[in-house]
Amino acid sequence: MKNTMKLLVVGAALAAASAPAHAEDKAKAEVMTSWTSGSEAAALDVIKREFEKRGGVWKDSSIAGFGAADAAFQNRLVAGDPPAAKQAVLGLANADFVGQGLLRPIDDIAKAGKWAEVLPKSIHDLITYNGQVYLSPTGAHGESWVFYSKDAFAKAGVNGEPKNWDEFFASLDKLKAAGIQPVAWGGQSWQESKVFNMILLTQAGMDGFLKIYVDKDKSDASVKSVTKTLNILGKLRAYVDEGAAGRNWNDATAMVITGKAGVQFMGDWAKGEFVAAGKELGKDYGCMLAPQSPGMVYVADSFSFPKIADAASQNGQALLAEVAMDPAVQVAFSLKKGSVPIRTDVDKSKLDICARKGLELMGAGRIVPDQALILSPQQAGALNDFVDEFWSNPSENSAAAAEKFFAIFE
Amino acid sequence: MTTLAHPRGAKPSRLSVGRIGLYAFLILSALFFLLPLYTMLVTSLKSMDEIRQGHVFALPDTLDFSAWKTAWSGACMGTQCLGVRIGFWNSVKITVPAVVISVSIGAINGYALSLWRPKGSNLLFGLLMAGGLIPYQIFLYPLVRLLADLSLYNSVAGVVLVHVIFGLPLVTLLFRNYFVAIPEELCKAARVDGAGFWRIFLEIMLPMSVPMVMVASIFQFTGIWNDFLIGLVFAGRDNLPMTVQLNNIVNTTMGERTYNMNMAATILTAVVPLAIYFFSGRWFLRGVAAGAVKG
Amino acid sequence: MRAKRRRSLAATFALLPTWIAAILVYIGTMIWSVRLSFTDSTIFPSSNYVGFAQYARLFKNSRWLASLENVLIFGVLYVGGCLALGFVLAAALDRKVRFESMFRTIFLYPYAMSFVVTGLIWQWMLNPTLGIQATVRALGWQGFVFDWIVNRDMAIYTVVFAGVWQGAGLVMVIALAGMRGIGEEQWKAAQIDGIPVWRIYLSIILPQLGPALAASGMLLSMGVIKTYDLIVAQTGGGPGYSTEVPAKFIMDNLFERQNLGLASAGATVLVLSVVMAVAPFRYALAMRAGRMGAHR
């Protein structure tokens, strides 16, 4: 199997090398993403239109659900028929593909666009493998947000945004007393992990967070941070309704939208649901960082470019890489998708408060990557399993569980 | 307890306790079975605001058919907003040949395995049964490589081939059970007359097995039409069936979900198998009576 | 008496495509899978052999162990439930009721629907705050509790509901056809003896439908192992691992978690267990069929 794999790769590389990309070959690209919902598709459309404006031919290949998209993509790679571009999360998830020589570096385009200067350093590191840039980032999603219903807060007598965890829990109590569901919770492992990380950042601080996930540090300080995080996470159980298990995140958002629930811990893509329901940021709902959060957990998307023999597609890849990082495209894309532009030098005026805050934090370097970027998919999955087990097990002791946490990295 | 008449006897002319109980049971069961469909229909006719209120069983305030229209021709998957309509013909192109071929092979297999039993029949049958018990996911990688080597990847022919292979256990089981019940004298007499394997099959067995052909076709049609994984992996990008379109509409991870449209899209995708069940119920019963029944 | 000597070449030839498929695809894939289970493959197959390490990891993985337990519980209850409910529905319809055709369609239509969304519907219906519990409470029974789906110990049974909803109709049709095939004389004789109707069904009709129900059971069992869509749509494997099944474990590890080695180990264990469980059963059936054939 390995030899055939090598043959395929060599074959593709040879074909790629021997077919010099003529400038006359029209740039065309088949783009595979999971951006199938209304706002996501609108955002993708922004890139598509700019791509076509610059003379490219766009072919859409969308598969909803990351699992299904990965399945389709990997199988097409194996069959030797990859798409020209694939939506990919930054970081470790692509390492294997690069290692097998299946992705094409876009270093030349990155240097031409001076990406190293306009991207935060930590992000630039995550699109670089073995010293070369392979990914063209499209935008970042902040994941340390707590969305709240202004209506619900008013009814419960909560003024302003709680500044620390004690005040936060006090607000939750007030919501409970007013008969409003304090926390709208979606009981799926990926959602629970995101909340876990949000809280971990507030307990471990930026350096502590990175130490745990990147250095796999197991010192007392780290264990303490995890224990404290689990304590807070455990406390939240009391504020969650019994129907939370298995609930989709947008069903939880619906609870906040209708004022039935007070807050939801979610990434900034939740704004899409509010917008679709006609709610206004600042008037009907608000966004705040998780209490005491020194920064923001983020996840970022990009396009990766499988090695492909066809010259027109190669031109398409180069064009797409450029277009995705274009400042105007970045802003327009973010506006539709609810994300934050990944370039720090864009025009902030059109962004909403949450996105602006996110961009500020990015510019100041106060961001830490979500586990999908710095853990291998296996470890990220193990983290999901861990948090899910802890959450569904009210009798579990935080200290004992904290020990189990570090087993993820094995 | 009163002795009730046999179904073929005279129809009972009065409602006895037992009779009422029977109907009560049937109606309650029918409600259980219909509940999900009702919920889907009702949701598809509500507006998103209503759905957010979370009253799953409530009737819609106003009948809103816009979700249906969007689902058919306007739903977006990526930047294409063409609805599930575009997948419809792909589904047909994939399902019809796959059903025809797999049922034909199943009939031949069943016939050969039960009435002729060449060497290794039991082994082959055992292999097929064992193979039918393995989840599809395991086959994906090797099959993709195999089809790519045969240049069948990303083609309708490739998907059809995969469906035929995966359908072998089911159709072979059905037909073998069917033919096993056929009296041997029939076959013997034909052979004495000098007919060979194929002649007996085409002129005697196949015409006799029409009900079973219907049953197997209906089973296969449903399974293949509703399949998602095989279509996703093997149809490549140009021949994606309706179910992949449906998945794109329904399973977005981080985007908003328009539930009313999702429900409408699901029902639209299910319309063809549902229609087939509706109109073929009679055949189904007849076919099952004739064959699958016997062990 | 079959002419055992004259093995028709045509028959062997006709079975050739199936032989090729069986060997190349079924056996070939299993061999490939087993080989991979001894490597450290992540996304792509590697040739780095690590002995039984993946199996060790597999059996230390509580998600996998839970999935095995769940598929067993689900399998037994699902097949049993479909057979039981299907038989009872068939018996009910056999009683010459009005609108039989309509009832039959109602019981059979779920089989036409894919679980991708019907699973979600079941999730809504069984969710305590949205579905049945909320509705019954709203109707007045404040104390009504039906929150199995969010309960770790009970969630697996909710999946059985949805499964039986889909599969019972199939058994019903098969059983009903069988019942219609039972001779008039048997009925008359039983009624003369004064046996109540329900006992006739249980003691006389049911045994005769044995083979038919066994075949249905086999068909249903093939579906059990492959159960994936239902779980993903209805519970996502949760709460915790309580509704995880092997097909989902394998699928998750194959693509999302990029762990081909572990997935292959899981697949091998699954297939071995199934073969070991089913083989004696099939062998017995084959023997029986052989004996029956010899008596013709």
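A, B and C label the chains in the order they appear, each numbered from 1.
One rule holds for everything that comes next: a residue touches a chain if its C-beta (ideal position, glycine included) is under 8 Å from a C-beta of that chain, and two chains touch if they have at least 3 such contacts.
Worth saying up front: this structure is predicted, and the values here are computed from it rather than measured.
Peer 1: Measuring centre to centre with C-alpha atoms, which chain is farthest from subunit B?
Peer 2: Most distant chain from subunit B: A.
Peer 1: Does B-C or A-C have the larger number of C-beta pairs in contact?
Peer 2: B-C
Peer 1: Taking each chain's centre as the mean of its CA atoms, how far is subunit A from subunit B in angstrom?
Peer 2: Centres of subunit A and subunit B (C-alpha means) sit 38 Å apart.
Peer 1: What is the distance, in whole Å, between the centres of subunit B and subunit C, each centre taken as the mean of its C-alpha atoms?
Peer 2: So the centroids are 15 Å from each other.
Peer 1: Between subunit A and subunit C, what's the gap in Å when you average each chain's C-alpha atoms?
Peer 2: 37
Peer 1: Listing for subunit B: what residues touch at least two other chains?
Peer 2: Residues 54, 140-141, 229, 247, 250-251 of subunit B each touch two or more of the other chains.
Peer 1: Which subunit A residues reach two or more other chains?
Peer 2: As it turns out, subunit A has residues touching two or more other chains at 66, 71, 78.
Peer 1: Quick check: what residues of subunit C touch more than one other chain, meaning two or more?
Peer 2: In subunit C, residues 32, 45, 129-130, 251, 254 touch at least two other chains, as defined above.
Peer 1: Write out the stretch or stretches of subunit B touching subunit A in their complex.
Peer 2: 48-49, 51-54, 76-81, 140-141, 144-145, 147-148, 153-154, 229, 232-233, 236-237, 244, 247-258
Peer 1: Which stretch or stretches of subunit C touch subunit B in the complex?
Peer 2: Where subunit C meets subunit B, its residues are 2-3, 7-8, 10-12, 14-15, 17-19, 21-30, 32-33, 45, 89, 92-97, 101, 103-114, 116-118, 120-122, 124-125, 129-131, 134-135, 165, 169, 173-174, 176-178, 180-181, 184, 187-188, 191, 194, 196-197, 209-212, 214-216, 218-219, 221-222, 225-226, 228-229, 246-247, 250-251, 254, 260, 263-264, 267, 270-271, 274-275, 278-279, 282, 285-286, 289, 293, 296.
Peer 1: In their shared complex, at which residues does subunit C touch subunit A?
Peer 2: So the residues of subunit C in touch with subunit A come to 32, 42-47, 62-63, 123, 127-130, 147, 149-150, 152, 155, 234-242, 251-259, 262.
Peer 1: What residues of subunit A sit close enough to touch subunit C in their complex?
Peer 2: Listed in rising order, the residues of subunit A that touch subunit C are 1-2, 5, 66-67, 70-71, 74, 78, 93, 96-97, 100, 187-189, 241-247, 376-378, 380-381, 385, 388-389, 391-393.
Peer 1: Touching residues of subunit A toward subunit B in the complex: what are they?
Peer 2: 4, 30-31, 33-41, 44-45, 48, 58-66, 68, 71-72, 75-76, 78-81, 83, 141, 248-251, 254-255, 257-258, 260, 267, 269, 272-273, 276-277
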